[in-house]
Structures are given as structure tokens and as C-alpha cells.
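Input: structures, listed below.
Each of the next two complexes has subunit A plus one more chain, namely subunit B in the first and subunit C in the second.
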Partner chain A sequence: MRKIKEILLNAITYLFSGFEVLVLGAILVYIFSNGFSSLSLELLTGNYYEKVETLEYTRQETIKDYLNPGLDDSYFSSKWGISFIDTENKAGEKIVMINYVDEYSPLLSMTNSSTKEYASLVEKQVITKVILEDLDGNMYLGFAKNGADSIAEAFDKGDIITNLVVTTSGGGIRGSLLTTLYLILLTLLIALPLGVGAAIYLTQYAPKNKITSIMQSMIDMTSGIPSIIFGLVGAIVFIPFMNNLIGSDGGSIASGALTLAIMLLPIIIRTTEEAINVIPTTYRNASLALGASSTQTTFKVILPNALGGILTSVLLSIGRIIGESAALIYAVGTAIKDTAIINQKSTSLAVHIWSLMSGESPNFELSCAISIVILVIVLVLSIITKLVAKKLNKFEVE
Partner chain B sequence: MGKYLTNQINPNNIKHRAINDKITKAIFMAITVLCALVIVLIVIFVFIKGISPFINDYIIDGISYRVNFWGFLRGDFWFQPPNIYGAGFIIINTMYVTLLALLIAVPTSVFTSLFISKIAPKKVGSIVSYIVELLASIPSIIYGLFGVGIITKIVKFFAGLVNYQSAGGISTLATVLVLAIMIIPTITMLSTTSINAVKKDIINGSLALGASVTQTNFKVVLTSAKSGIFAGVILGVGRALGEATAISMVAGNAGGGPTFNLFDTTRTLTTTMLLGLKETLGLDYDIRFSVGILLIIIILLTNILLNVVKRKIGKVK
Partner chain C sequence: MEKIFKVSNFNLSYGTNHVLKDVNIDIYKNKVTAFIGPSGCGKSTLLRCFNRMNDLIDNCIMVGSIDYQGGDVNNINAMELRTKVGMVFQNPNPFPMSIYDNIAYGPRCQGIKSKSLLNKIVVDALKKAALYDEVSGRMKENALSLSGGQQQRLCIARCIAMEPEVILMDEPTSALDPIATLKIEELIDKLKEDYTIIIVTHNMQQAARISDYTAFFMLGEIVEYNETTELFKNPQNKKTEDYITGRFG
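Let's look at the complex of A and B:
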């Protein structure tokens, strides 16, 4: 009877552990099965918003005969060195896509008709309409609805492109990726000196009295504040502050970085303190006995030896910044951007997911693809943290 | 060498260095004071903004309004135009959801940590332990995504079994499940640490008295580690109360309440603050800071309460 009961109890622990394994498995399977297909280099480097441009090419050059790369099902214009293919977009509409541009093709140096800026055709862009003229002034039209062959034919006949409507597809996350990077750099730039400084004071200089312990527990309490409250503070303190300082309009990457910085202070202080505390006191005493001043000891003995702990705190902070969403929704905003400019609104990767999911029609595929990116970064960070901890805790002698 | 030494012993230089040290110390102290004051500033700023709906006039369509404070504390409807806000039911919902999440998370975490450190073969234990660490490092937005994609579907299926029309699975139950999944790793990690820290003597003593290994694990080890387990629970409660993005994706922001039916939509303090955030001016924006005050107070009170309880049960007799 007792045996059965014991087996049952042990089985329960297996069951509950199995549940946790199952949860991780389910999350991974769900994220990967939905997002893996849209994972590509274009996702990371592409714009989020679809861009429609009207381009022209009016210079006249001696036309070369470009070599046909001979791609399957494509139509090649040997006069311009470009190849087209018939395909379908996600909505199932027929489109004509560029699938090859010769590296010497004049199409790499076109002009935007409205802004007169330099533009070039690249692979994967979609052509809707093209109007060309030959030297005698005859017009040749190519429309996507007539297929890739009609466009290639029009290209082959004309000498000047007067109107070319080209669409660069969206759905990329370059802006959010850059924003996340900026946030990490700016936040650490602000938080690291403050956090390490406070840790040095608390471990090296602070007298052991009531005030010190109150300050210590105040810092500890800060870590118990939920991130959304930090977001509120960012919204009412840092956004107006940054508006005055760098002329931003509403939330900006800078205000987000300040918010994240005060949020991460407790982690950085705690981790650095732990690293300093394991440095043997003999190091410090030896340095002082050799005649070094306390400032010299701090910067030349204590800091270098605490480097591992500081690095750990940096890694932990990066993980937190990448995953943070609630604070940034308030302190920066939820407008997805293709460029990351410090005094403007933008979204980090996590907030990008939030924006995609809180809209009218949630985009699960892209959200899951971004989640994969986040998960991979978080996983790599956790592995590096483990390695750093193993390599650098030379004082941990038991 | 001699010159260098005289330079070091030079009284002027020593004085100079002493001043240097004082300046360095002062700078570090200023930084520390600044870091410690962050929490005070947070509370002050959120309070100033948060009490503004109750003491200042807001002009809506040409008529000035302010919000009734007691009505706000007791209300069972979030918003009745133009100026009646109620958060009483939201507080109850938040507590209810957190409590249910704990009911799932605490047993799961405690048994898993016992499995990791005492019952499982070493290799399996370390693998499970690593899985728990991974779960802890997954950002909340991904849990939210998982909640919308999978958990709401499961809830919808169960609601269908009992013939209940749920809002596509967006419900109290989905919120509870997402919260539970999110706080399990936190509690598990702390419990594992405290179970590992149980002294070998206690375990050996129990075994020597004739108790079986399983009896020792469940009766002696868990009892000795309960203080650490409770610390994990406190951390988990904090995380559950403060979690915002993930649960706002599955809670559904019910207009009124409180909601006790598991298949109905709910609304917690954090989801109220996050959802429908469009304007950054006016009453509807400022009232979110009032909800923020409530959140801070609730977290503070729960923390104090739980710490008192921890001190009471923490003593191993």
C-alpha cells in the first residue's frame, strides 16, 4: 500500500515536469510551424511597408547585348539585361516579378520620376506597368496583366523608359531590428555607468549604516515594479524631457532608452555587486598597501576583476530589452517604422509583434517569424551568459 | 626610481590624491542616491498624474467634468460616458485571475523542482532544469502570441463541450492559463534553488529514522525548503500582477464585471492600462495612471502580506 502511494507521488512529479516540457515544446512547435516559412534574409533586411515607385530612364547609351542567364519560365530582355517571371502574390493575384538584373544593366541607375532621386531595379521587385519610347518616338506599353512576355517585349523594343511602375514588397522588419539595436546601445550607454557606479559605491565606499541599507532596499524594490509602470513614467517624464532636449514629437527611441535604463538599473547593480563581492579582500588590501589611492584601486583592481559580472549584467539587460513590450508601448509608441531615428517613434521587435497582433486583422505569420528571431537571440544570449559565467568566475572557490 | 618615489611621497601630491579620492567617492555616492531615488520618483510622478482625474476639471464637449473617486474605487463598469469610471471590479478580477493562476502554478512548480533536484536521474534533471530556464527567458509577448494562437483555441474547444458561447476562447480561463505558464518557471527556479540548499544532515536524519526516500522528499525536503519556495511564490505573484502585454491579448477587456465565469471575458488592471491606448491627452489617458496607482498599491500590499506570511511559516521547527 505504501509502495503504491510512493510510486503515485513520484509519478505526479514526472507528470508535472512533463507538463513544463510540453509547454516549451508546444510554444516552439507553434512558433516555428507558423513563422518558419516566412523566415528569410528579406524579412530581416526588407521594409515593412510596401513601396510603389514610378521610375524613368532617359539617358541614351549604346545598347549592349546582355547575356541571357536562361532562367526557367522567364522572359529576358537582352537589350536591357533584365529577366521577368509570371507569378502570384500572397492574395493570389497574377504579378510580374523581376528575377534577374545584369550587373551592368542601365536599369541599376534609374531616376525616381517624382523625387528625381537615384533608384535601381532589383530582384523580387514587382512591375505593374512600363512605357518605353524608341528613338523615333514610337511608344511601347507593357502591362502586368498581359504577362511577363509582353513586358519583356516592350523592353526589347524601346530605347527610353518614360514610365515604369515598380512595387517593392513589404513585410520586412529591418526598421524594428535597427530600433532594437539602437535601444540596446542607448540603454546600456545610460544604465551601465550608473549601475556600475552605484554597485561600486555600495560595495567599496558605503558605510555600513541605516542609510546604506535603506538605499539598497530601495534599489531592490525598484526591481519589483512592473514594467508597465516604468512605461507610465517614461510617458510623463522622459517623453516631455526628450521633446525639449532633442526636439522629438511625442515618444521616441531616446525616451524609450531612458525608460529601459531606469528599469534595468536594479539588475545591473545587483549583478555587479555580486561580482565585486567575490573579489578577495586581499586584492584590495594589497593594492592599497602598495600605495595606490582608493580611486586607483577601484579603477585598476576592482573594476577589471568585476568585468565578468558586468558582462553578465550586460547580457541579462540585452535579454530584457529585446523582450520588453509593455514599457515601450507607453514610452515610445506602437507605430511601425522602416527607419530607426533616435528622436522619432519606432517599434522594437517585441512591440512590432504587439502592433501586428492588436490591429484589425492579426498577422500570425509575421508575428511568429519575428518571435523566431527573438527566440534565437534569447537562446544565444543565454548560452553566452552560461559560458561567461563559467569562464570568468575564477574567484568562486568552494 | 628615486625621483618617482619622492614624487609619490611629496606632501602636495598626497593631498592631491586625497582630494581626488573624495571627489570619486562623492560622484559614486551621487549616482547611488540617484539610483535609489528612482522608485520614489516613479511613485510620485504616477501619483501626481493619477490623482489628476479626481481633482482637476476636464473639458469634454464644452462641459467640464471630473471623476468621482469613490465611484472609481467601487465601480462595476469601466466607463460610462462622459466621466464615470469604475475600477472596483477590475481589482477583484485581477486578484481572482492571479489566485487561479497560482493554484495551477504552485503545485506544478513545486513538484517539478522536486523532480529536478531529487527524483529525476541526474541527466534528465539537468535537461528539465535547462528547459525551465529557457521558459523563464521567453519574452511575455511570445507567451501572448502562444495564448492567442493555441490556448484560446483549447479554451474555445472546452467551452464548446459544455455548450457555452465564449468569445472565440478569449476568456478568464485563457488569461489564467497564460499567467500560470508564465510564472511557473519563476517559481520553479527559486524552489529548485531552495530544495538544493536543504542540508544533507536533515535528509540523512530522516532516512536514518527509517523514512523512505519518497517520504523524505515529500515530507522533510519540502518542509525544509518552504521558505525558499514561498519566496518564489512572492516573485511569481509580483510577475502575475504586473504582467501586461501577454494577458491583454487573451483577456478580452470586458466592459463590466466582476467576471467569475471561466469562459467569459475579463479585464485586469494591466490590460485596462494597455488596451485602446490611442490618445495621449485628456481624461481617458490620465485615468490609466489612476489605474497605475491602484496597481502599485496592490502589488505593495500583497508583497507586505505575503512577506508576513512567509515569516510566519518560514520557521522550521
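Let's look at the complex of A and C:
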């Protein structure tokens, strides 16, 4: 009877833990299977927005035959040394994409019609429309909706390109990646001195009375507040404050950093406090008995030995900043940008996902790709945290 | 004989716990004075009063006076007092930094920056603490890599580097093996030429071996205070006799 009971209980624990592992594994498999194909260096460094440009090429001086590279399903214009392919974009629309440009092709030195700046056609650009003329003034038109063959044909007939509409590919996350980086730096710049200072005060100088213990429990409470409430505080307090201070218009990276700093203070204070509290009091006594002041003791003995804990708190904070979305939706905004400017709206990686998924046509592939980026950063950080803690926390086991 | 400390009618209590009761004692200059007595008798507490380390403890109430070279210790700045009255603790407690930095710590806190001066102070202190020969080649090594006895002598050197007049020792050998203890005792014997030493010890043989004067404490009172040879040979008080002959304690 007892044996059956034990087997039953063991089976239940195995079942539950197995279930949990299964769920976690399923999430990872889903994210990786959806996002891995979109993962590339271009994703990390590219613009999010597609850019439409109108280009022209006045006259081809020397006409020569370019060698066809013979790519599958491609249409090649031997006169211009360019090859096109029919394909679909992420929304499932038919598009014509450049898949080869000869290194001596005249198309590498075109002119932007509006800015008159130098421009060139490169692979992976999408062509929607082209108008060419030959030397007799006959017009040849090529449209993407008619397929790559019509565009290649138009190219082969004309000698002057009067109008070429080309789209550079978008969907990159450079702006959000930069914004996340800025947020991390700014937030730590604000929160770290405040948090470490508070921890030093609370452990070294604060009298052990009611007020101190109320402060301690308030710090603990702050770490339990849902982050959306911090976002609200950011929107109500920090956005107007920053609007006045640096002339931003609405949410900005600066107001987001302030919001995150307030949110992270409890983590930094608590971790630093713990690191200070495990330092043996004999060090403090030894320093004081040598005639050092309590300030000297704090900065020469206590802080250097608490460095491991402080670093741990920094890494934990970075993890929180990367993962935070709710607070930033209010405090920074949800407009995806291709650059990161301190006094302007932007999105962090997590909010980028929110923006992608909250529109009318949610973009699962890109969201999953960003998730992978976030997961990898968090994984690396947690490994570093463990290593640092192991190396610097000398007093953990004593 | 010149008195360096004069304790008169001194009372101390931690909250409601009356630890020292009407203590009167004179400490003589360039002598080794030992405090002996059972645990909890207040000898360490009195020791910590000499360099005002009890100030760091909440609820510590002191009545009466302790004079240091004619002035009340409470009228001397605590940090200044502690540079004159150094302390060595029960457990060796070098800082987790290099041997050199450990000894240079005190002088640096006093604002000494000159490298050559610091070098001289460190070498002198290590020589006086009979540690120089053992560590001269590895000044940059972490002090925690030394053995327990070496660590304790390092703590003594750290104390000497401040050029104090008095060195307080709170059971400095209780965490050490007999050989390390012997070395510390030899060191104390040498140091008394330059310094006044007050040592708290549980080891009566140690008190008899190294001290010139001995005070026997019990339940917060000084039962007997006399020259060490007198106290151990002809104890005046019955309790002292019982304690030193091992009948209790």
C-alpha cells in the first residue's frame, strides 16, 4: 500500500515537471521555428521602414553585352547587366526583386531624381515601375504586376532610364536595438549612483529605528508594483518634466530612462545591501580601529568588497530593461524609429514586438526574430552574472 | 611610574545589562598589562573603552571617567585617539588586499601619499612585527594567503604602522596554534620597549609569562590588580586564588 502511494506521488511530480519542461521547450521551438529564418545581420543593422526612391540614368554611352550569370527563374538584361526574379514580400504580394547586378553595370551610377544625388541599384531591392526611352524617343514601360520578364524586356529595349521606382527592403531593428542600448546606458547612469548611495546609507549610516524600517519595507513594496503603473508615473511626471528640460515633444528615451531608473532602484538597493551585509564586521572594526573615518571605511573597505554584488545588480537591471515593455509604452511611446535620439519617441526591442503585434496585420516572423535576439542577450547576461558573482562574491560561503 | 590610562569610578551598561561596575585601574606606560577572568566578566568591554570602540554599539551607556595622558578620552576626537591607541582583534582580520596595502591603509587614511615614505613605514612596521623576513618578497600578494599566525602579526604590523603609544590586544592568540602563539608572545615582549600593551587573555600561563601587571576581573568588577608575579604568587583575594589555581572558571 505504501509503495503504491509512493509510486503515485513520484509519478505526479515527474508528470508535472515534465509538463513544465515540455511547455518551455514548445515556446522555444515555436519562437525559433518562426523567427530563425528572418535572423540575419541585416535584421540587426537594417532600417525598419522601406524607402521608395525614384532614380534616373541619362544616357548609356557604351553599349556592351554583359554575361548572364544564369540564375534560376531569373530574367536577365544583357544590355544593362542586371537580373530580376519574381517573388513575394512578407505580406504575400507579388514583387519583382533584383537578384544580380554586374560589377561594371551602368546601373551602379544612377541619379536620384529628386535630390540629384548619386545612387545605385543593388541586390534585394524591389522594382515597382520602370520607364525607358530609346535614342529615337520611343518609350518602353515595365511594371512589376506584369512580372519580371516585362521589366527585363523594357530594360533591353531602352537606352535612357527616365523613371525607375525602387524600394529598399525594410524590417530591420537597428533603431530599436540602439534605443535599447541608450536606455540601458542612461538608466544605469541615473539609477546606479542613486541605488548604491541609498544602500550605503541604509546599511552604514541609517539609525535602526521605525523610519528606517518603514523605508526598507517601502523599497520592498516598490519592487512589487506592476510596471505599467511606473509607465503611468513616467507619462504623468517624467514626460512633462523632460518636455520642459530638453524640449522633447511627448515621450522620449530620456523620460523612459528616468521611469526605468525609478523602477530598478529597489533591485539595485536590495542587491547592494545584501552584498554589503555579508562583508564581515571585523573589516569595518579593523578600519575604524586604525583611525579611519567612517567615510574612509565605506569607500576603501566596504565598497570595494561589495563590487561583486553591485555588478550583479547592474546585470540584473540590464535584463529588466531589455525585457520591459509595459512601462515604456507610456513613457517612451510605440513609434518604431530607425534612429535613436534621446529627446524623441522610439521603441525598445520589447516594445518593437508590441508594436508589430498590435497592428492590423501582426508580423509573427519578425516578432519571433526579435524574441530570439532578446533571449540570446538575456542568456548571455545571466551567464555573465553567474560568472561575475562566482568570482567577486568572496563572502558568500563562510 | 608614569600612568598612561587612569580609569576612575567607571560604569558601563549595554541597555539594562550592567557590565562594568565601579572600575578603578591605572595602566602604566611601557608595561604589559594583562586582563584575566572568566567569560563575560567585562574585560574585553573595558579594553574597547580605551579606544572608544564601544561608541559603535547602540545602547551603550558609560558613567565615570577614563583619562588618557591626563585628558578624558571622550574629549579627544575618536579617530585621533585610535591612531594613538591601536587595537589587535581576537581573529586575524587583514583586509582582502595586498600585504603592502594592508599596512599602508592606516597611514594613507591619514593623508600620507608619498611613496617613499609609505615604503619606509611599511618596511619598518613589518620589521618591528617580526614579519619582514617572511613576506619581503611578496608584498603584492593578497594578505589572506598568509597563515593565521602571519595574518595576526600582519595585524600587529598594521597597528604599529600608525606609530601608536598603546596597543590593545583582545585575546590575540586564541585562534592560533601554540607555535604561532609563541611567536606573538615573543613579539609582545619585544614591543613593550616602545609601546604600552594591554592584553586580554583567557590563558593564565600566557598572562604570567608575558605581563608585568595583571588585573583579575569577575562579574564586571576588578577583584585584584597587582604586579603579575605578586598576583600569581600571593593572591590577596580568595576568589583570585580559586581562579588562578583552577578551582573554578
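Everything below uses one rule, namely that the second predicted complex is superposed on the first by the 284 of 398 C-alpha atoms of A that agree within 3 Å, B and C clash if a C-alpha of one lies under 4 Å from a C-alpha of the other, contacts with A are read in each partner's own complex, and residues count from 1 in each chain.
Basically, contacts are C-beta pairs under 8 Å (C-beta built on N, C-alpha and C of every residue); 3 or more make two chains touch, one makes a residue touch a chain.
Quick caveat: nothing in here was measured; it's all calculated off a predicted structure.
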Clash or fit, subunit B versus subunit C on superposed subunit A: fit
Touched partner set for A:Val301, first subunit B, second subunit C, both or neither: second
Touched partner set for A:Ser17, first subunit B, second subunit C, both or neither: first
Which of subunit B and subunit C A:Ala326 touches, first, second, both or neither: first
Which superposed partner A:Tyr30 touches (first subunit B, second subunit C, both, neither): first
Subunit B versus subunit C, judged by how many residues of subunit A each one touches: B
First (subunit B), second (subunit C), both or neither touched by A:Pro69: neither
Which of subunit B and subunit C A:Gly291 touches, first, second, both or neither: both
Which superposed partner A:Pro280 touches (first subunit B, second subunit C, both, neither): second
Smallest separation in angstrom, by C-alpha atoms, between subunit B and subunit C in the superposition: 5
Footprint overlap on subunit A, comparing subunit B with subunit C: 291, 293
Footprint of subunit A on subunit C - complex, ascending: 51, 53, 56, 58, 79-80, 82-83, 86-87, 89, 91, 93-97, 105-106, 109-110, 155, 158-159, 162
Contact set on subunit B toward subunit A in their complex: 8, 17-18, 20-21, 24-25, 27-29, 31-42, 45-46, 49, 107-108, 111-112, 114-116, 119-120, 128, 131-135, 137-146, 148-150, 181, 184-185, 188, 212, 214-215, 218, 238, 241-245, 249, 270, 273-275, 277, 280, 288-289, 292, 295-296, 299, 303
Parts of subunit A lying in touch with subunit B, wherever the complex brings them together: 2, 6, 9-10, 12-17, 19-21, 23-24, 26-27, 30-31, 34, 193-195, 197-198, 200-202, 204-206, 214-216, 218-219, 221-222, 224-230, 232-233, 235-237, 250, 262, 265, 269, 291, 293-295, 298, 319, 322-326, 329-330, 334, 350-351, 353-354, 357-358, 362, 364, 367-368, 371, 374-375, 378-379, 381-382
Residue numbers on subunit A that touch subunit C, as the complex places them: 208, 280, 282-283, 285-293, 296, 300-301, 304-305, 394
